[in-house]
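In the two complexes below, chain A is the common chain; its partner is chain B in one and chain C in the other.
Then we have the complex of A and B:
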């Protein structure tokens, strides 16, 4: 976890120390690019949590989204259309969606661990790899389904299996 | 066997995320700075803001020019003082040089006449004193006898040697022959003052059978006098000034 944070700090420091000045005319395009980058970053975080992280996809998505968003804004300027609004809306929606996913995932994980601790099973170490992976899968599944009304009881303690998700119930939104 | 900590610490997603976050941080800061520049841009200001800005700038400009004028006046004053100081220094230096030349503290040179007295003569120290007095009277500025500068403290006297002869002394030293007297001043005046009929040279020739040779010289060099320091002298003027300042 420390390495990406270090990357952010390093990038900010680089930006502060460098004297590279971006022309004022490009400010709008750059802001769209920043939004796209933020979206890609959150997507990357989500992918990590879902355990299907792919480095080339993240990097290419990061660069392409930023570039295309800026290009879209530029083309919109030429055509006299506020095309950048499309990018803002699209990325905004995705950012909130991703944040919602990450939030639910983390809350689910935290609650499960809390329950396990409360159940008093000190024999199972909380740092166990297999347990962690299982928990992550559960959390991802949970977060995907947007289910917030109930937290499934932790079945893993009993029978070492994933909790059955009630598929027949209608899905609810936030 | 892999180290458990290392194998769990650096995961495969950390390096790409490091790169992406680094670029993101850089772009974020760049965007922030650009945005600040946009906000500070004059084209984004309203007419009232621009008017206020112009008024502020004008006020600042007026204040700065007033300050500049004040500083210029101060500078002029200082320069004037420096010039006065320089001229005062030069005047004082000139006066000091003149005083040093007059009191015999420095060697001097200039046009004048030389009087050479050779051979045995019946010259006595009184005659020498008269001659020197005559030279000063006729306008000599500096006089020396055998390279001994004549000042207000020079003593011309005589002494008896072991054979009973009278020897002329200057400041206690016996004057040897030939006696060469140098005087700086107007050559013509000096020469005429000595050699006119009935003058001192004429007296020497007729009464004492002494025949001095008077010669005009274009460039005479006269050494400095041996000046002993004044131990008891005090300037009355300076003392009175000091007393006044103490009283104040």
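Then we have the complex of A and C:
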């Protein structure tokens, strides 16, 4: 997960080094677009954790959300309505909910690994991605049993404090 | 690390670069706007600063007057006991009175000058194209010329409670007149202690007074008073470079 962080820093450095500056009149719309893209970025991270990452959906969401948010702000300015607030509120809420999910997920994974380690399980040798895949598989099963079809991992993590992976399940690694 | 790299991570990284870039471009573009706001704030701070300094100035002037009175009373107390000091103290009090460092009272002339707002309104209504606001207000020069005309007979003077001493200055700053760095508003009351008859004659024959009363028809009132009270000057005056000439015999 270090590469995206490096990418973010690289992007910021690129922006600081370049002298690209758009007119102040449009800077407001760019700010809204930045908010929308930030939301897409966090949504992408969440999708990676939930193991249903879909590149076309993420990319199209990134572009469409940013564009529509800026357009909404522009139309709001024409009509004399503060429509940009709609985008700010919507994306603000989504950013917080995504951050909340990511936070819960990371803490949950940490706890599970800790418990597995304490139990001396072989699953400790899994890397984070492989472990997440296992976790999501278990979560989907759990959701199916409990008729929780919408965002299974989130509900699973929310309702369970114990690791879903039994410590004694053997895992062979080639 | 690289062999573990999957499609999601690569796309995610590209998005992160884009978001970082957009973030800084938005920041760069809004930077001048933010600076303009901070400049406004700076002006506000400067205004507060000036008001603060003016308050401090007034407090310090009050303290100076208070301390001078204290010194005078202590000196008077001591002088009462000793004969030689008494004469010296009397001389000192006279000099302080002449210099304007103590409250003064006496007979004299009180002149009130006000802006001609009524005529200004009429002129503005009847001939707006030739209307000039400055023709209907009292200027700093008017006050200076009147003081100058009265000066041969003036012993002490004050305008709107500001004692006029050697170092006093009268100037206009925008739309207000400042005397001793204090902003004053019309009407301007010039109180002068001196021979009332002589002062009145000097005033009535001064060009500025005639111009203001007869040509411009300003609301001017003149009254002779038996008991004018002038406040002490709050200005401090110190000789830093001037020295008495040493006389060798």
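Just so it is clear, the second predicted complex is superposed on the first by the 122 of 174 C-alpha atoms of A that agree within 3 Å, B and C clash if a C-alpha of one lies under 4 Å from a C-alpha of the other, contacts with A are read in each partner's own complex, and residues count from 1 in each chain.
Simple rule for what comes next: contacts are C-beta pairs under 8 Å (C-beta built on N, C-alpha and C of every residue); 3 or more make two chains touch, one makes a residue touch a chain.
None of the values given here were measured: they were computed from a predicted structure.
Per the definitions stated earlier, placing chain B and chain C onto a shared chain A by superposition produces a clash between them. Contacts of A:108 after superposition: neither chain B nor chain C is touched. In the superposed model, A:37 makes contact with both chain B and chain C.
Once the two complexes are overlaid on the shared chain, A:131 sits clear of chain B and of chain C alike.
Of the two partner chains placed by superposition, A:91 touches none, neither chain B nor chain C.
With both structures placed on the common chain, the touch criterion links A:9 to chain B and to chain C.
Legend: residue contacts after superposition of the two complexes on their common chain; A:58 is shown touching both chain B and chain C. Clashing C-alpha atoms with chain C after superposition occur in a single stretch of chain B, namely 23-31 (options considered: 23-31, 95-103 or 149-157). On chain A, the surface touched by chain B in one complex and the surface touched by chain C in the other have residues 3-16, 18, 20-24, 26-27, 30-31, 33-34, 37-38, 40-41, 44, 48, 53, 55, 58-59, 62 in common. Within the complex, the chain A residues that touch chain C are 1, 3-16, 18-24, 26-27, 30-31, 33-34, 37-38, 40-41, 44-45, 47-48, 53, 55, 58-59, 62, 127, 129. Against chain B, in their complex, chain A makes its touches with residues 3-16, 18, 20-24, 26-27, 30-31, 33-34, 37-38, 40-41, 44, 48, 53, 55, 58-59, 62, 66. Chain B meets chain A in the complex at residues 10, 12-31, 33-35, 37-38, 41. Residues of chain C that touch chain A in their complex: 4-9, 11-30, 32-33.
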